[in-house]
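Okay, so subunit A shows up in both of these, paired with subunit B first and subunit C after.
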Partner chain A sequence: MFAYWQNFFRKHGAALSVFLLASVGFWIFMMILLPQAFMLDFSLRANVPPPKWGSDAHHYTAEHYRYMLYGSAQSVDSYNFVDLSVFARTIVAAIFVTLIDLALCYPVAYYLAHAATGGWRRLMVLSLIVPFWVNELLRAFAFKIMFGGNGIINNALLWLGVIDQPYDFIRNSVALYSGLSYAYILLMIFPIYNAVESLDRNQIEAARDLGSPWWRIHKRVVIPHAKPGITSGCTMVFMLTAGALAAPQILGGPSSLWFTQIIYQAFNQAGNWARGSAYAIILLVVCILFVLLMMRVFKVKLGEIAR
Partner chain B sequence: MTPRFILTAERVRNGFAALFVLGFFAYLFGPLIIMGVTAFNSSAFPRMSPFECFTVEWFDVLANDAKLVEGLRNSLFIGVGVVLLAVPLGLSGALMLTQVKERVRPWYYTIVISPILVPGVVLGISTLLFWDRIGTMFGASRDSIFYDGFFLTIIGQATFISAYTMLVFISRLQRFDVSQEEAALDLGATHVQTFRKILLPFLKPAILSAAVLAFLASFENYNTTVFTIVSESTLTTFLAGKVRHGINPSISALAVIIVVITLLGAALHEVLKRREAAAEKETARIAAGELARRRRVKPFALEPAVLLIALVFVAGLGSAYFAGTIGVEECKAQVKAEKIRQAQERTRQREAKAMFQNAPAASEAAGQQIQSTDKSERAGVSQFQGIFDVGNLKDQAGADDGGDGAAQQSPLGTENFNPIFAPQNLSPPIDSSGDNRNDNRSDGDNRNDNRGGDQ
Partner chain C sequence: MSADVQLDEVWIRFGDFVAARDINISIRQGEFFSFLGPSGCGKTTLLRAVSGFLQPSQGRVSIGGRDMAGIGPNKRPTALIFQNLALFPLMTVWENITFALEVRGAGRAARRKKAEELLELIALPGQGEKMVSELSGGQRQRVAIARALAAEPSVLLLDEPLSALDLKLRQHMRTELRAIQRRVGITFIYITHDQGEALTMSDHVAVMSHGVIEQVGDGNSIYNRPESAFVASFVGENNLFSGTVAATDDAYVTVDSPAGRLRARHAMRGGKAQLAAGDSAFVFVRPESLKFAAGASSASAEASSTEASSSTGALDNRIGARIHQQEFEGNFWQVFCDVDGVDKRVKLSMVNDGASMGRGPGEEVTLGFNADLAVALPQGELAAE
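Moving on, here comes the complex of A and B:
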């Protein structure tokens, strides 16, 4: 071990070695690991006002996790249906949004990679990026205008005679799901595009020459090859959707909450930082479990997901 | 002879694929186009139709919003801070990856990449709590750096943005030829010299793109910032508040500015890339002996494409400015006059109908209503917005002039007034509730009349 560090210092020189070690150490410990550990610690303590933090009143307790489950710190008679249902809906909706994005992006990515050519392809790839340089909040705002009571979609539907009363897209969460699907679509399309593009076109031709119908070419040749890209896209979209805050705040109906909004309320309205931390830990654990599940099911490495 | 067009399954499929891709891009650009149109519509509620007057007044409103300008300044400051922190961190993270032992590498990679996969909300909360506890440990006062919104936000954002920049450096480092470094060391260069003269120049493009990426990611960020910013505000937190509490077209104007800057950046980036490609080709030709020496490279600003882009930009800006400032008042006055005329028309028709039914009760009640609405002007406005929103699209603009508060519809208003203007209810109701409805209606029209007269 000592020899390793000696070698390390010799190889980089003292100044550079110290810089490397200090910056990476600061990043790993002060920015990544310790803050999470402190948050876990904080979530396991009683909710007391800041001046009492660290005193005896700030003892360890699991009350915030119990609250998430039962709705009260003491009794276990009934479940906390409000928070639990919001949590369940957030997860289910995030999966739903991920599937929509996958269904939208796979054909487009395949088309871009193997059907479009030259200048057109360049232009299309470039124009994919442009909408995502616009702020997430502004995109949500555009959806709010579009889906509003007298927004363009309602006007168009009224004009076409599909509906005779404006449909409340916001209250029925249609606006929210479209906005969320839109928000992270780039993170689905680029990994799939990169993966599909690296596929040798001859493989597709060979399959076709051997008489395989188009859907079987996708099933047997393209999708297996694009699997790391698909996994990466699905994971990123799920994580970002489940952890989204801006779009649900703007597009969410009056009766539908997102789990991050409950965390936000615990911090900014209820002033209960401990409970907010506990809920944040729950969100974090679910996200870690999801990544592990994706890695296990699709047999990919973490390095292939995040890039 | 031209080959006959034969409809094959293949062609049908390709046609569907092209349609799908077209639809996809429409979905991508639809919201941007809508914001672009609403930014130039003089209607106080951001909407596409009816398009009233082409105006640039919302850009004025935007520039005069002191809070927005402050948020923008803070965002720029934080963005620069994040670049200064995240680029060195990402660089050392990437360099370290090549140095750690084979056995440790997967663990190391998992840890440094994890911030990308952790929800932004969680990062914000953990940063806030961690530095709070550190501050308490050192007994720091409440206005020390540990509780400072800027410091916390820079640290919180850099946690995951460093991972982004690290990925940029890793992909560049994979193409690095280590023998260059070894050669320099063999020729007697010190480690620091090798780093500065060999590795850094090689990484320069990556440093640039990492810096741009870091800045944009910081500028965009909301989820982490909203927790770490404490009592300050950034562009995103300001926008979030604004969008939630009633919307007006100046937000669309901001989006237009961002889109235009993005398009300009994308176009210039494309030109730069082509120049680089051309330069590389030339180098290859020189190496192959086809070209004696390098041709003189035109300065970037004189590239025809750049000049064209600049020309289009200036022309667009100029025409938007002139079209948006000249004649806007006349156009608005016209629209208003038209609305007043329509409102009067309706009042006359309705009065005729009311007279036909039971005139005295109706007009008396209407008189009372006018007084009561004058008292509660704001509430009144939002109610009428509600009416016009739903039923009678042509008239809605009448309520707009009232103010931006109208954006939030009051449920009461919609409930009460909604059905009156709905198409199926246009024929006068004969039942007992008819009086009441007529009152409401003439009341609404009177408000419009007043408004028109005031201004």
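Moving on, here comes the complex of A and C:
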């Protein structure tokens, strides 16, 4: 161990070594460990105003976790259906959005990697990236306007005669799902694109030469090869969708609350940082467990994703 | 026997570039047919046209008498072995081998059985559960052959499959490939830039250059009776004397070259004479057809070289030369000689008969060869080189 650090310092010089260690240490400690540790600590303490922090009243308790389950700190008579159903709906919706993105992005990524050439491919990649130079909030508002009662989509459908009165895309969550699906689409496309692109073209041709129809080529050759990329994309989209705030806030209908909005309310409106922290921890842990479960189901190793 | 694969007036263009020009080839059922040529000569393009990965710009490809126009590679009775083999790395060996059967909906038991049969054929019994990455280069090679054979193609196409192997394995695989071909009895079409592979394995060889078929024939006729300057210089080693045709008849040509007046066979192409008086021509002489002739050579050398002394009287051509260097290769002596007016050193191969060569660098010698063992050809595309 000592020899390793000695070698490390000799290789990079004293100044650079200190800088590297300090910045990596800052990143890991200040930006990852410390905030999570504070959140965990808050979530396990009673909710008291800041002046009383550190006093006896700021004692350890699991009441906020209990509240998530039972809707009360003391009784266990009834479940907290409001929060639990929002939580369940958020997870299910995030899965749904992930699947939509996968269905949309796999063909695009495959096309980009193996069919598009030269300038055309560059143009397509640019047109995928450029819209994301626009701020996330502005993009969400743009969706809101497009899907609004007087928006371009309703007007087009009215003009085409598909509907005879404006459809409420906002109330029916169509706008929300569209906005969320679009929000993280690049995080799905590029990992899949990278994975598919590294596939030897001859393998596709070999499968075709051996009589395989196109769908079996994908099932047996392309998808198995791209699995780490697919998993990586799905994980990121799922995590970020479940934790999204801006899109649900702007595009969500009055009745469709996102779990992050409940966390936001706890912090900013109810002034209950403890409950907010507990809920955030619950969301984080459940999402991680879900992802690990899926990776086990689809037989992907964590190391493959990080490739 | 019937023609199995037939190309009629096939042209393949990529934009302005012509990759294959007016190709007419007829390959018989069950033969081992090679396309031989330098890289970029269009041989792989032709193979892709036969396998269906590209459509000829013009002309007809037929297999088993059926026109293949509009039929994709997955519907053709061909199987292709790729240069890099393109085995599926995420499947086991037996899954690789039986992929074609899986596609046709064969059950697992039937596939296992077929896989064992094929593993037996390629001498890898019981290795089905391994992953491709666990096999050696030669074993992968054989798995690729088995995978292609499992599709039960009537034509097997091979795109330089041996080029990634080391020399020893390559020579071994030549024999193996030929043996497998005899056993299964289907047509093999083999693409290579290695003349050794083409000559040893093939029933017929088509020599290609710049998208054109230069000559089709068995190994013997390609080597001994080249019909174009390209074939003569690409296949095997050849000494080349440039000159102008002085006289010609149907059988022989007389060429005036810096090395003197040379007489050589007149090569016909498509039954037609290729040379007339006044044309620029090359005279090609194989190193093994050159002899030391009596005359300027020393008496002691003549005594030791029985070959030279016995054939001296019959040599039609004589060239004055000076030995530059000699290399002993065990079974052969390779002797490099300077000839005035000839840029490239003339090479002579002599079988080692146990006696010492008896000549040394700097010695003036007379080289000779028989007109029947040399060939005169139009300079054609080689003229500029």
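Basically, the second predicted complex is superposed on the first by the 280 of 307 C-alpha atoms of A that agree within 3 Å, B and C clash if a C-alpha of one lies under 4 Å from a C-alpha of the other, contacts with A are read in each partner's own complex, and residues count from 1 in each chain.
Convention: a residue touches a chain if its C-beta (ideal position, glycine included) is under 8 Å from a C-beta of that chain, and two chains touch if they have at least 3 such contacts.
Just so we're clear, the structure is a prediction, and the values are computed from it rather than from any experiment.
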item	value
Subunit B versus subunit C as contact partner of A:249, first or second or both or neither	first
Partner chain(s) touched by A:206 [first = subunit B, second = subunit C, both, neither]	second
Touch count on subunit A, higher of subunit B and subunit C	B
Contacts of A:295 with subunit B and subunit C, given as first, second, both or neither	neither
Which of subunit B and subunit C A:157 touches, first, second, both or neither	neither
Which of subunit B and subunit C A:28 touches, first, second, both or neither	first
First (subunit B), second (subunit C), both or neither touched by A:220	second
Partner chain(s) touched by A:19 [first = subunit B, second = subunit C, both, neither]	first
First (subunit B), second (subunit C), both or neither touched by A:102	neither
Subunit C-contacting residues of subunit A that also contact subunit B	none
Sites on subunit A touched by subunit B in the complex	4, 8, 11-13, 15-16, 19-20, 23-24, 26-28, 30-36, 38-39, 42, 50, 53-54, 104, 107-108, 111-112, 115, 124, 126-131, 133-146, 148-152, 155, 158, 164-166, 182, 185, 214, 235-236, 239-240, 242-246, 249-250, 260, 263-264, 267, 273, 276-277, 280-281, 283-284, 287-288, 291, 302-303, 305-307
Subunit A-touching residues of subunit B, taken from the complex the two chains share	13-14, 17-18, 20-21, 24-25, 27-32, 34-35, 38, 46-49, 88-89, 92-93, 95-96, 99, 101, 106, 109-123, 125-127, 129-130, 132-133, 136, 155, 158-159, 162-163, 167, 190-192, 195, 216, 220, 222-223, 226-227, 235-236, 239-240, 243-244, 247, 251-252, 254-255, 258-259, 262-263, 265-266, 270, 389-390, 393, 396, 409, 422-424
Of subunit C, residues touching subunit A in the complex	51-53, 72-75, 78-80, 82-84, 86-88, 90-91, 99-100, 102-104, 147-148, 151
In the complex with subunit C, residue positions of subunit A that touch it	200, 202-203, 205-213, 216, 220-221, 224-225
